[in-house]
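In what comes next, subunit A is part of two complexes: it sits with subunit B in the first one and with subunit C in the second one.
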Partner chain A sequence: MVFVAPAMIVLAAILGFPIVDSILLALQHVQLTGGAVSQSWVGLENFQRLFADPVFWKAALNTSYFSVMEVILVTLISLGVALLLNHPMGKSGFFRILLIIPWAIAPVANAVLWKWILNANYGVLNGILKSLGIIDYYQVWLGTPFSALNFLLIVDVWKSVPFVALLMLAGLQRVPQSLYRAAYMDGAGPLQSFLHVTLPTIRGVIAIAIVLQTIWSLRVFDLVFVLTRGGPADATALLNFLAYRVTFNFLDLGYGSAIANVIFAVTFILAGLYVWLLWPRQPGASR
Partner chain B sequence: MFNSLSRRNFLQAGAAAGAAAAMPGFMTRQAHAEAVALNVFAPLPPDPAPPGAAKFSEEAFEKWKAANAATVEYETLAWPQLHDRMATAFASGSSPWDITYNCGWVPEFQSFLTPYADKLPKALVDDLPASSFSTVTVDGKRYGTIFTLSLLTLFYNKEHLEMAGFKAPPKNWDEFKTYGKELTRDGRHGLVLNYGDPAGIGGTASYWMVFLQQAGGKMYGEDGLPIFKSEQGVAALQMMVDMMPSTDPGSISYASINDATNVLLSGRASMMMNWPFMWNAGNDPNQSQVVGKLASAVLPAGPAGSASIDGTDAWTITKSSKNPEKAQQLIEFYLDADVQKRQVLDTGWLPIRLSVLADPEVQAKAPNAAVVLEQAKHPYDSFVTPDYNQVTVAVGTEVQKALQGQKTAAQAIADAHDAVTAIVKRRG
Partner chain C sequence: MSFARLQHGGPFRQTMILVGLAVFVVWSAGPVLWLVISSLLQQKALIQQPPDLSPANFTLTNFTTVVGAAAALGRGIFNSLVVSLFSTAVALALGAPAAYALARLPVPRANGIAFLILATQMLPGIAIAIPLFILISKLGLIDNVLSLGVVYLSFNLPIVIWILRGFFTSIPVGLEKAAAVDGVGIFATFWYIVLPISIPPLTAAAVFAFVEAWNEFFFALILTRQHAQTVPLVIAQFAGQYQTVFGQMMAAAVISVTPVILLAILFRNQIIRGFADGMMKG
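== the complex of A and B ==
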């Protein structure tokens, strides 16, 4: 215990202090308005204010849609990519290196890249779709609420798929070949093998991918900041961006902390689920 | 001496020598006794940056540093990140700067700043437009000095107007709408703006503030509460809505003015409201496809006449500065007539000094300067308050909803008015 004490103290300072301080801030009215830092205890007033704030609810709704869709899309696409990479023809290192590129690009650089791809006047996407005859005139992909939110989603899916695909590929490679051979001997086709051998075997990996992806989708900020600034008309304001805007742009530190604590609470619950999924169990115990 | 050298003496002498050597600048302290280190927080070019951060008056800057025995360290950031960096530094009590750039945020950061501008030399103050101090004055004290005359004016493509049969720029709202409609042809749009970011100077809300003043309206009453839920407030937004069919539809997605400027400079739009710096960019063949075709004019008049908003680019001195006098001297250097002249000639950002604006060489290189001076004869209130960002997000978001047809102009203004009232009352 004595030997781990320094590490525990450092961890407490680095992780524990900001968390506790953030919770305390959420219980105070803290503002720099007019230049002065004013602090006063207000109890749960900031959290009560959340319930009456239509912008918070809009951001919560946007975030829910974004997270659910992102998890579904990333999981399905990643599973498909992992299956292709696990196929004898997809085992070339070239494909794996190619796959990792979107994940390796720095988040802000990725957002700037997509800003130009989606540009309403010069964007590559418009150019390609028009040259293929799919659209008659250039579209403003980030111009309407529905389109803007979904393009943010597409961009984040594009960035998230590589890591999850590699995670699933690792899971697929752990499936014993003897199970496939036994299934084949029993007359199972490719689809039946996938449904009754592959999926049950990598169920744990899929569960971890889902939980991790949900946590990550709650943390999306860079894409919103660079691509849309929450617009048009708050259509792409996600909770993380809202917490930033209220805290650093409006300097309403107490209310911003309350929003951040909501995100923290949701993330904490999901992280608990993640730990539960990974926790070693007795042989035969169900997960 | 050697006879008295004991082990203790030897160790003491060694320790003394080591401690002296460890002190920075031990041997050279005398030579640098007068040196002063100044830290300046400024935007990155092409936004208005000072000598040493932008490429102008570099030789004069070196001479100033040598003559004043000062070193100047710049921390520069892209313009959209400036406010939040300052807010974080001030909130944490760790502002490292002597001088900071400010843009409409003086009321917000006022208690972290020193009212040095009350002590500027009379000759300098007399050469600045008196109105330039309005956005940097709080409770009668001047906390900053505007260093560039930066008002929104109308930039337009002369060739496009001539092709459409127009010989002069639009002078009023009716002409503005007609021009917009007629200029929307051949894959081009009559107007382009950046409506993507609701917040701050140059955001969606600030464009509406331009139209609001042209309609004869104001944001706030004498009691500080909003009064824009009015005929003028609605007319201003309706004008913007009416212009939408001839506005580049991408405007609603352009979060930065540079995005919209690129459209005008590529010849894909014919008119836009922009800041004076665009003159240089528009006539630089490396950045523009409309070189020689660009002109500027006073913004079209609404029912109450023309009006604009002020960019409010100012230099301020922080309360935490250890060398406020030297910091003020550096700001006075930034405002020196020769430096101001190079500022406009080399970067395109107009000077604020009236004598430099009247300089024939300046007027020849920046013919838009006369237009900006003319624009300055009309109202150009940016309505800055301590909660300017919050207010502009609330108003700008409602304006965006009206521009997209989600709400009528009247409903959007009513909702914005309610939101701003709540913000102002919460501020107390």
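== the complex of A and C ==
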């Protein structure tokens, strides 16, 4: 008990209390004026307002598009990268260093870097695409709604692939060599041994990666804050950013908590799924 | 077709893999390389179209200007160091015994507790940020390095517990049994027998926690004003203020990411093993 108690008390104070309080706050009208907080109970008013708010629905739509695309792209690219690095030609430690660098770069520094790469007047992306003849004029990549959201997506995919690729690589390295040898003895070619040996064995890892990446895609914040601040015309206002804006720019803490609660609820279901995938099963039980 | 041929592939597959690896290298290293080049290039060479990459244009003035002009950056680095070291140290001190107990001692519902801790890590920061902001405002501890460090325990303590619990579950029971037979108590067993063989996972957990704290932006944005600003905040402000001085902006970014990139490269094997195991083993 002495071993666990200190950690549990700290976690209860900085995790348990805020989680419960955040649900309570969503049922209140909370205003911050001149450093003083005023609170009053309003029942479900914040949620009624939420469901009637077109900005909320727009952010929900943006977030759905962003998360679905992100999960698909990250999963496919990461699987590709993991397969490349698992091949004898990709075993060099150099490639692993290349994977760990984007992971370690601070999301803010990453966002600042891409802001420069995507710059409309001097950005290197415009320079390269123009000299290759792909575009005729320099583009304002973050200037139009659809393009801004997609560039946000690409930048976040770039940042997210390394971690997931490393997870999948670890999964691939656990596939026993003897299985490949057995498949070879049975006359399987490269494609068959991928479909019937590799994929089934790392299915669990892929499932975990998909759930984790979905959860992570709902928390993207730094990138939106530095690159677009939700613009143009709220095209890149993801739910997480909207909750921040309502709470800390408009100082409407109760309504902000209601939005945070929606993200919380979605994440909660996904987290349950993740735990279910990971929960220790009886030996021999399949996952 | 031989087995080796199946594994390595024929000339066609090998060419495809080579092309794939080349694309991978350009895709991952390209942006980082451009970050470094931009930080070393004079402004006028940088904004030429195409940029003038002749050796004469490379300079360290972006770095000296940024370091000299922006006191905020120095203070930011100092604050980041304090916050990251504090939350890493506390997370290890509280997390290691907790992880050991959850893995090894008869704690009721140990699995349930461990998974509950893991599940909290899935929550978006905003869900706990609003209550914490109100609480910390009421206590008058906004813009305080240590209150930020304590808030960082909300993710660092679970990370440490989860990584170490995975390791403690995997060490052979015989070691502790032998100690028990010799009449060594739980505390002594933990301190003299378990901890010394746990240096690699402890290092992995420490590096992981340090990197997470060093890079954190969201809580720092909400809970600090000026005095306690950390590096990511300073960088984000630079990006707003020095919009057009691209070289200096990149130099500031390079300064802020170098420490953690070096740590990550040095300890890459421990980190990879630590998080792969922690994330995938129940």
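Note that the second predicted complex is superposed on the first by the 277 of 287 C-alpha atoms of A that agree within 3 Å, B and C clash if a C-alpha of one lies under 4 Å from a C-alpha of the other, contacts with A are read in each partner's own complex, and residues count from 1 in each chain.
Definition applied: a contact is a pair of C-beta atoms (placed from the backbone, for glycine too) under 8 Å apart; a residue touches a chain by one contact, two chains touch by 3 or more.
Please read all numbers here as calculations on a predicted model, not as lab measurements.
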item: Which of subunit B and subunit C A:Ile215 touches, first, second, both or neither; value: second
item: Contacts of A:Leu84 with subunit B and subunit C, given as first, second, both or neither; value: second
item: Superposition-derived comparison: subunit B or subunit C, residues of subunit A touched; value: C
item: Touched partner set for A:Thr228, first subunit B, second subunit C, both or neither; value: first
item: Subunit B versus subunit C as contact partner of A:Asn119, first or second or both or neither; value: both
item: Contacts of A:Leu238 with subunit B and subunit C, given as first, second, both or neither; value: neither
item: Which of subunit B and subunit C A:Ala148 touches, first, second, both or neither; value: first
item: Which of subunit B and subunit C A:Phe248 touches, first, second, both or neither; value: both
item: Partner chain(s) touched by A:Phe95 [first = subunit B, second = subunit C, both, neither]; value: second
item: Contacts of A:Leu27 with subunit B and subunit C, given as first, second, both or neither; value: neither
item: Common interface residues of subunit A - those touching subunit B in one complex and subunit C in the other; value: 32, 35, 37, 119, 121-122, 248, 253
item: Touching residues (chain side subunit A, partner subunit C) in the complex; value: 1-4, 6-8, 10-11, 14-15, 17-19, 21-22, 25, 30, 32, 35, 37, 80-81, 84, 87-90, 95-109, 111-117, 119, 121-122, 124, 127, 131, 158, 162-163, 166-167, 170-171, 180-181, 184, 189-190, 193, 204-205, 208, 212, 215, 218-219, 221-222, 225-226, 240, 243-244, 247-248, 253, 256-257, 259-261, 263-264, 267-268, 270-272, 274-275, 278-281
item: Residue ranges of subunit A in contact with subunit B within the complex; value: 32-37, 119-122, 138, 140-145, 148, 227-229, 231-234, 245, 248-253
item: Contacting residues of subunit B [partner subunit A, same complex]; value: 83-84, 87-88, 90-91, 107-113, 195-199, 248-250, 252-253, 255, 259, 262-263, 266, 268, 386-387, 389-390, 393, 397-398, 400-401, 404, 406, 427
item: Contact set on subunit C toward subunit A in their complex; value: 1, 3, 6-9, 13-14, 17-18, 20-21, 24-25, 27-29, 31-32, 34-35, 38, 46-47, 49-51, 94-95, 97-98, 100-102, 105, 107, 111, 113, 115, 117-120, 122-135, 137-138, 150-151, 153-154, 157-158, 161, 190, 211, 214-215, 217-218, 221-222, 231-233, 235-236, 238-239, 246, 249-250, 253, 256-257, 260-261, 263-265, 268, 271-273, 275-277, 279-282
